[in-house]
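Okay, here's the structure, questions in a sec.
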Amino acid sequence: MPAYNASELMICAAAREIADGEVVFVGMRLPLLGFLLAKATHAPRAVGVYELGVVRAETAPAPILTMGDLPNLHRAAWLADTADVMGLLQSGRVDVSFIGGAQVDRFGNLNTTRVVGAGGAATRLPGSGGACDLACLARRHVIIMAHEQRRFVPQVDYITSPGYGTGPGWREREGLPRGGPASVITTLAVFRFDPAICEMEVASIHPGVSIGELRSKTGWPLRISSTIIETPAPSAAELAMIARFDPKRFWTGAAG
Amino acid sequence: MASSKLVPLADAVDRFVPDGSSVAAGLCLEAMIPFAAGREIMRQGRRGLTLIGPISDILFDQLIGAGCVARVQAAWVGNVITGSGYNFRRAVESDALVVEDHSNLSMAMALKAGAMGLPFMPMRSALGSDLFSTNPGLRRIACPFTGETLAAVAAIVPDVALIHVQRADVYGNSHAWGCLGVMRDAGLASRHVLLTAEEIVPTELISRDPNRVVVPGLRVSAVSHVPWGAHPAPVPGHYNRDHQAFLDYRDQSRSPEVFARWRKRWVDGVAQPEDYLGLLGEERMRALRLQHRGFSEPVDYGY
Amino acid sequence: MASSKLVPLADAVDRFVPDGSSVAAGLCLEAMIPFAAGREIMRQGRRGLTLIGPISDILFDQLIGAGCVARVQAAWVGNVITGSGYNFRRAVESDALVVEDHSNLSMAMALKAGAMGLPFMPMRSALGSDLFSTNPGLRRIACPFTGETLAAVAAIVPDVALIHVQRADVYGNSHAWGCLGVMRDAGLASRHVLLTAEEIVPTELISRDPNRVVVPGLRVSAVSHVPWGAHPAPVPGHYNRDHQAFLDYRDQSRSPEVFARWRKRWVDGVAQPEDYLGLLGEERMRALRLQHRGFSEPVDYGY
Amino acid sequence: MPAYNASELMICAAAREIADGEVVFVGMRLPLLGFLLAKATHAPRAVGVYELGVVRAETAPAPILTMGDLPNLHRAAWLADTADVMGLLQSGRVDVSFIGGAQVDRFGNLNTTRVVGAGGAATRLPGSGGACDLACLARRHVIIMAHEQRRFVPQVDYITSPGYGTGPGWREREGLPRGGPASVITTLAVFRFDPAICEMEVASIHPGVSIGELRSKTGWPLRISSTIIETPAPSAAELAMIARFDPKRFWTGAAG
């Protein structure tokens, strides 16, 4: 079995969340690589949408670090205004989106704005960008983040990107038209949400990770799916493709 | 028949970006960011600005670090490829900066309301989020037809929009292409538009393709000729993103002390926009120039 | 990788414009009107349509005269250079047609709401007018921030938009240029988009200029190759407006009897789009073709 | 004095309503010719806006009959969406606009939608187009129409384009942000509005027209300005220019 790191495993897991032909609001970093991997493997007809106003069905002709890099604009299917692609999102035409986060709770509420430390001092983070819009408006969204106890908290300090709020019925009451988190891909496991209670549960655990480690790094009593499996490891072919999209290992480097 | 609006960048900033202005910038999000205009604002020591924009990469962090900014209305402030903006963090954490949190869509709709001459726009985003806690321009409303809960976003009308384009004539007619972000609505919403352009071209080159005009000349107050005016952000047709500059900036902004050195070298030490190119160096510019061309097919506006 | 959406116009209309559909057309107002698609709808004897559009010149009058239409949501229905649309007048005055009065702005905002996935949009027009008396999609509201009185316009989501463009590929990617009217928002708002195109071109010709795409291919259901598909309306890059046809139509629509003759000759007698060109005649087409060219300057999307 | 007809006189009067450098929402027919005449004479820096999404500062290179004619798009300053140019209008950036009408009342309310005949039968007209928007949103607007008794009525059958409603304060109460009719150019006279009462009064009377004729063709007691003058006749130069813009006399033909 080829060597891989957590980033590469997460990219492969992200790619699997995309079905062929779906419209994907792509985002940056690992999700971008996951989208490119999906396009190159099982989802060649997936279409990428970027909040800058870009829609593209074909993979960019050269590696990119940001969605605004010129190869991502070259031979795009559509270059429009942010409002135009946000219209696709708001009218329910985006199947799946990806969001990173600094803090998450059991209902998939996500914080990328402001974290309060143990001593009460607040740390300011960059904020929503498009994350709040994706969490509110995509048909489903996938959360990707590092699994650490300070990040998996009983209650987030600020809801930047709404998950299921306080549980069943909350999104409807708030006026959100659809969606909610479908899964959470972390450095340790993949979680899915039980629709009856809107709470995440472990669906697959990464190779070499123990349930005990998972529990110790999660700030609430962890629920485990009765059908839990081991997260499939990346294949040599998948790793080769990821290397092609991130040749300098900018996102998949040692830091993982 | 019209009169020229072409002025040096320093004059344009002096005239149209006074202390206390609200300034929209970074309107294409990651591309065509008006970094040269931002440096000129720092050089002139502007104070008390309100910065407006969805995602400005490190432009807002620089202006905040230079002490120009009192308030930010933005969806995201940081360094796109490295994460946090350290000047922004320091300013917020020391209560030196007021932040109104937006999402990209709420910012797009606020500027669209401004462009359309309306006091607000509805949207379906932000509901259930804590953006409402910092942003007085967000309220919950009921749709007058369906009764559904929606968010209302108050209009934003910036005093000035800083917009970098590929080519402009001296009257403010211009072409911009690539990912356009919220450029169109922000330009239409703002009281003044200050254009920086890679090239100054004859009017007929612009008017031969009037669909390529994003912000109409009649809404433009000043045009400045600033080649490489968006560096280190990319400009379609001109140069790629200078990733290394953004990586370097992370380290150059980690503390007020190192940021002061960055500012001295890249801002205060650069009296003219041309001097910036000298500092950048021909080798670096060569590496950023386009390696592969991709020209559009002409279209015919004949009769 | 995608599959072709190229079909004969008759098939596209058969599949995507069933009886009772709501149909947006005339979205560039006076240019690029999808007259060929309209003739195909008449030929197929469609019934009970709702027509949606700001100003459609004589297209709506033709469809109303042919008995295809139950309801109109429009700002203006008539003959742009001669005034009244006689079929429209007869239908309204005999209570055979329901009309919801719009202004150009209310129609633009209704379609923008549809495009944005919102149930309404605010505006400042129509207040004090009697448009409110026929249009249930207009209500007075108070701005949630300023308290000002505004008009709210309910979203319009057409079943299908008929859009004529200069060039498209077989997948529905296309370029349109000239005055764009409400084409962009109507295309994005509609459940289906049926494109007719002057030319079918390779995909790379479209993707070499993605800012020229007005309605993205992923929202297009069918593409039909119909040269002269907007005649007698003008198409930038292809042909001028055939003013004489509009003058003739005034007389050809004055009574149901003369209109029946017009319909027999120009619609029922024309089985294929190509036959229409034969009827038009080479001399007339020559006179309408562009005499003066006006090509755009290419732009570079390289990297 | 050169021969001219009522259309030519009205075009000259319309041109005089435009000041140099103003942004003009142009419209069709006589107003279009008035705008072109103004550009060619005293207002070379006037900018034309057309509801199709056209802004142009230079005169079209060939005569046009409709705003969508290709010469009107050639070398335009801006080709955009209807919503974009309507945004200019709605945000108060259009100085003056022109509107035709089938019925008008003393407060400048205009009807182009539905006229009820003497017998009670209604005649359907084309409707608003952009007229309602211009009447609501331009800084001022100018009404141009034929002067007949059936058109100058005590009360219009349908307000397509609001004037001053029922008088002072009405526009403010309805929520209209600005504007109102500045003048009415007819086949017989030019009217302006007394701001104190928002009612039109005769400002100039066309050569050869009597006050009696005006009164007989106006459906309410006519007010006459104390500074009434005779409407200046077109000069030979103006007539030559109009002929250049309408070479086939499509709009300035015998029908007038």
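Structural remarks
Order as written gives the chain letters A, B, C and D; numbering starts at 1 within each chain.
Convention: a residue touches a chain if its C-beta (ideal position, glycine included) is under 8 Å from a C-beta of that chain, and two chains touch if they have at least 3 such contacts.
Owing to the predicted nature of the structure, the values given are computational and were not obtained by experimental measurement.
Computed from the mean C-alpha positions, the centre of chain B lies at a distance of 40 Å from the centre of chain D. Work out the mean CA point of chain C and of chain D, and you get 28 Å between them. Here the CA centre of chain A is 57 Å from the CA centre of chain D. In chain D, the positions touching at least two other chains are 61-62, 69-70, 73-75, 79-80, 83, 86, 89-90, 137, 177.
For chain C, residues that reach two or more other chains under the stated contact definition are 116-118, 123-124, 148, 150, 177-178, 180, 184, 208, 211, 236, 240, 290, 292, 294, 301-303.
Viewed as a contact network, the protein chains fit none of the simple shapes, being neither a path, a ring, a star nor fully connected.
Every pair of chains meeting the contact definition is listed here: A-B, A-C, B-C, B-D, C-D. Of all residues in chain D, those touching chain C in their complex are 28, 50-54, 61-62, 65-70, 73-75, 79-83, 86, 89-90, 113, 121-133, 136-137, 158-162, 165, 170-171, 174-177, 250. The touching residues of chain B, when paired with chain C in their complex, are 116-124, 137, 139, 141, 143-146, 148, 150, 152, 154, 166, 175, 177-178, 180, 205, 208-209, 211-212, 236-237, 240, 290-303.
Across the complex, chain C meets chain A through its residues 1-2, 114-118, 173, 184, 188, 204, 207-208, 210-211, 213, 216-219, 301-303.
The part of chain C that touches chain D in the complex is made up of residues 28-31, 54-55, 74-78, 80-81, 83-85, 88-89, 92-93, 99, 101-106, 108-109, 112, 123-131, 133, 140, 148-151, 177-185, 233-234, 236, 240-241, 243, 290, 292, 294. Considering their complex, residues 23, 44-45, 47, 55, 57-58, 61-62, 69-71, 73-80, 83-84, 86-93, 137, 177 of chain D touch chain B.
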